[in-house]
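Here come two complexes built around subunit A, the first alongside subunit B, the second alongside subunit C.
And now, the complex of A and B:
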């Protein structure tokens, strides 16, 4: 088993849908909305991408359709969980099933087929050769020649990282997630920022779906996301909802999947390759949360605020460790130290 | 019925009917069907004919045994997932627990040297233990390692499904078979069946009584024992119950073992019924886990309500095939319908829930979520039931 450029190439390709979805999930997490509908949103993006590409005859038409569909789909979560006070987890689970049912239904009513739709005339995303980079020996083979959305996802990581840590919007978004009451009293509209986060996550999932259905492959098949949205949910936890952390978590997933494909070609059963990303993710989550969890117990007990369970190890209702930007032993991310006071009142 | 003197019983019955009609569940189901009718009409089909086809197929003399057969895994998984959900814990790993239960039962059934009747009992027990232990592992990951249950149970599910798929396809495969399935269980190693003259020519496994019994035991434990009291208290207010002395990690562990055990039992029943063998994907492809979870959510995890909701979803699932034959509308519509009903329910209960939109609107400005369910802090997924309807408002929870 060699670690060559081809492997990196396929890892980078495999991680892109997860990365898009996880970036969206990270934004929601930062805004204080637990988004478990990434899987369904990704799937609806896949379908819309294929349908859009088929009817417009252009892959970019498909990408646009996927972004619109993802945004519309996540609007249900935004309306339900932000405006109407529904439980985000319940809405998310229902949305995931809605996506499976709806895409299966539309596959049959729109394309008149069941299971998988693919056609030689279906336009996929064309790979891009980066001039200058493509001629560098190892790096060129690994980095160049991806679909444009792969590069867009890297740009998205940078943009969101800067936005969250430097821009007024990002700081307010974090304020909304960490102390909604404080943000509200400073005149920042909690609902508006949460809507924005959820809708942008829908658009990002749409891009991820487009990459999956028009970049990684050029087809739609029922339930083709196969748990990638859930991997993204975990990537958000693993990356502590930081864009770069999320990128690293998605990279882990991409590498494991690429390795799995490779080993499968060398005779390892497909089932082992299927299971590997989940086992790896769980192991990473285990390793990442365990020490923090211990710290969390020690740190929390004196304050007695969150660890209402006393010695019982903290009620599982608030697993003190892993998720989110507010992990107890989590040293504040760049500039998180006092986000709220820096917010200016919003006219 | 005289109008002048309303006996307390009549008044209670009337109140019950009124509550049932106005309950969020009824409204959500009706709203779901209305939206479904719009979708049906937009495809050019006659909504009424389609709905009629659903219920005639599922509840007619021909289809009833199919519906009962389907309701074994759906009701079974619904009750299995309702057990932790009642305490606000989401077990998303039903698929893994289900297939591991099926695998354990299948292995016992294939290789046990004991007499057939004993083997059946042993297979059922093996299914319970296998599913229960796998679910308990997810509980340990949350309580001892801080991986949220929602995620730990889900992530453990995928390797289990892959393992069982691998074993069926590579180790247990029936020689010469084109289908990925194990050999048939020895004659006699199966659960008896009844209604053998209906539907597909196969009867309904008496496993349905095991599932029903499990549901009733859950109902009894939940309503009448101290363990059930702890369970409900934790569902209503996890922090309060922990303060009051409920050992949360222990409760999580036991709930998850019970949940996974029942899921494993469902898997075991499936293997011990037609076609009496392990088949790859037979339990995961139809999405029993997800349908069951939706049913449990519909009933707010109330035990008897979950059974009713599970049966209702089994009717929709089986009826979908009849609808497709009758009106050429794809049966996936019933899946859409199920999800939409839950969406309406979640939104509707959210509107009226404490801290929900309506109340908020009355007390403060809109958009200010004073720790309401919408403000569920990030990464704290384990309490979805808080926004679910008041159990007493559910039509079936009329205790």
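And now, the complex of A and C:
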């Protein structure tokens, strides 16, 4: 078996849905919302893409529908976790379950079928040949001829990277995620930025779903995301919520998936090939997580806050309304140090 | 509520122009508490004004009202003679106020410049204009002599520098009035002195500083005038030059306080703690060991104080002794039982069984379960044995309550009952409860870290007396404190830690602020006998 242009091509195609979802997840992570609903949002994007393409007769109609559906779906997370103060993980898991049930139900009611919907008339995304690049040996075969959304995902990486590091919006978003109290005290609305991050992540998941259902294949089948959203959650952690880091993590999974397909072609059992990305995910998580004992069992609170909790005064000095001058209870540590969630295998 | 007129002795001239800040008749009521009772406060431009009072006196509430965090039930806020009514801190900021909170509000992973300009960033061609932002911050640093590196990540800076970043934020927003809430509570003595210099410089540059504190020596050192609150009422208005610590302390507590009580020396007996060559390896990213071959001993009937600028290995040493942190080498013997040797250590439970009790630095996170009832917190460590442990692993609640009642009574913990969550008590009462629990263990060795941080004067007195009493009952105490005065007041022997090593060991008679302060800064301690001659030489 060889490492050839075709392998790179299929890796780049395979990673795109994961990359879109992980970029969305990274934005949420940076804003301080741990988004585990990527899987469900991706799946609703897949369904909306197929339905949109079918009813408008255009793949781009499908893409638009997927973006809208992803955004609407993630709005539930935004309302629940940001406005109502629910635990984002709990809401996220509920959304994942909802997406499986809802798309299965709509598949029956809208398309009158079960399991899989596909039709020769269903419009998929046309591959794009990049003039100039397509004729370069190896590179052309690997890079050229993808669906437009593949290229859009690369642009998205660059745009989000610049946004986070250099743009006012991105810098503020990072601050909101890291120290919401501090952001609020400087007049930056934490809720507004978190809403924006969650809604944009929904739109990105919509694009990922559209690529999966109209780019990688041209069909919808129940639970077709098969854990890609969860892999995206892990990619966010491995990539430390940095756009380029997330890209590299997604690339790793894309390569493993492409290898898996290849090995399957050479007689490896299909189950083993299918399991490869998940095994990779677990291995990557273990490697990325270090034992903590060395740095002290007791996790000290950030310096400067050390005395704040202890120094709180009696009832007269503790105004009940937030945020008190002595600071409300410290928020739990967020950011890349979030505890590793249990990765529920999708039923 | 009947006191008609507080003893008013305005420091500023009555004919001066309208004060920079004036609060008139502020009343703020919380359910069951009258936090501010017709408080008047006037601060002239360019003045450093100290607002003093014990925890619960209403200082913080008053500042919340001024800063727009709380709405007053009655009263008026005037800035330069103009009435203002703030509904949010943002309006207060716009009006030229700025506040440095006790818990900093910073973004650790962002640079100093990013922290300072956050929320009002200069923009050029759609992106943040980093060069302009940096130049502005550097200019402010320069002008006010703040000594803050504009490009450093805030999380990597010492606490004292982080605090100056907070001040920079206010200056960047052009605050005319800076409110500093307990600014030195988290600082080491050297950092605190540095801050007081900054405060003086700000006042000299025409800014007005409102210093909220309960530390008398700071007030004496830096303020022009003092307003003292007790139980929500102003009990004294004093010109600093015309008053002294005793008068202020009396106004704060309502009684005479012995500020310089000297405790008689202890009579050392057998060793209850022996540490030989204890080493804690460097943390992630560091090269030097956090604790570097430390040897020391504590005897029954003595208090051994460890002085040092925070972050020189004291916390890590104590954690390694308590079993909360891995030590890679060295031997620890607690009351005759070896609990650590050559990188292998006994569990926390075994160490406690051997005779170790521990009052941690961070009482809210490590010392107590904040949301659990006071009684349960007091039973911790007693839950394994009779009378609290019952049959089949069940706890005997009646014994637990009785135990709690005894500790609460003996140590004068002020709480409605043992059933209230410990987190709702004031800092001083939490500390009394935790200290009481650990003392009740009656262990031969008590390790105490920062026993009076964030605790008011009345409680400090009480806590110090308890520690001396415990020593005199024949127990050994290892005291770690960032308050040099505390180490000097209580210790029979003083050790100084610098960069993970014990660089000086001074008997009580030779331990004065100057000698210890020099050793804390890494200089050679003169007149003392170093615990480890090699370490002493290395410290230079």
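Brief remarks on what is shown
FYI, the second predicted complex is superposed on the first by the 290 of 347 C-alpha atoms of A that agree within 3 Å, B and C clash if a C-alpha of one lies under 4 Å from a C-alpha of the other, contacts with A are read in each partner's own complex, and residues count from 1 in each chain.
Quick note on the criterion: a residue touches a chain if its C-beta (ideal position, glycine included) is under 8 Å from a C-beta of that chain, and two chains touch if they have at least 3 such contacts.
Predicted model only: the values in this text are computed from it and were never measured.
By the touch criterion defined above, A:111 lies against neither subunit B nor subunit C after alignment on the C-alpha atoms of chain A. Of the two partner chains placed around the shared chain by superposition, neither subunit B nor subunit C is touched by A:60. Applying the stated contact rule after C-alpha superposition, one finds that A:181 touches each of subunit B and subunit C. In the superposed three-chain model, the partner touching more residues of subunit A is B, compared with the other of subunit B and subunit C. Applying the stated contact rule after C-alpha superposition, one finds that A:171 touches subunit C and leaves subunit B untouched. With the contact threshold set out at the top, residues 181, 293, 296, 308-310, 312-313, 315-317, 319-321, 323-326 of subunit A are in contact with subunit B in one structure and with subunit C in the other. Across the complex, subunit B meets subunit A through its residues 43, 88-90, 141-143, 145-152, 154-156, 158-159, 161-163, 165-166, 169-170, 238-239, 241-243, 247-249, 252, 287, 290, 293-294, 297, 330, 332-340, 342-343, 346-347, 349-351, 353, 355-357, 360, 366-370, 372-384, 386-388. Those residues of subunit C that touch subunit A in the complex are listed here as 30-35, 55-61, 63-64, 67, 69-70, 89-90, 93, 99, 101-110, 114, 118-121, 123, 126-128, 130, 155, 158-159, 162-163, 169, 181-182, 185-186, 231-232, 281, 283-284, 315-316, 319, 324-326, 360-366, 370, 426-427, 430-431, 453-454. By the touch criterion given at the top, residues 162, 166-168, 171-172, 174-175, 178-179, 181-183, 185-188, 293-298, 300-317, 319-321, 323-327, 330, 335 of subunit A touch subunit C in their complex. Residue ranges on subunit A touching subunit B, taken from their complex, read 28-30, 32-34, 36, 76, 79-91, 93-98, 100-102, 104-105, 108-109, 177, 180-181, 184, 189-192, 194, 227, 230, 233-234, 237, 241, 269, 271-272, 274-275, 278-279, 281-282, 285-286, 289-290, 292-293, 296, 308-310, 312-313, 315-326.
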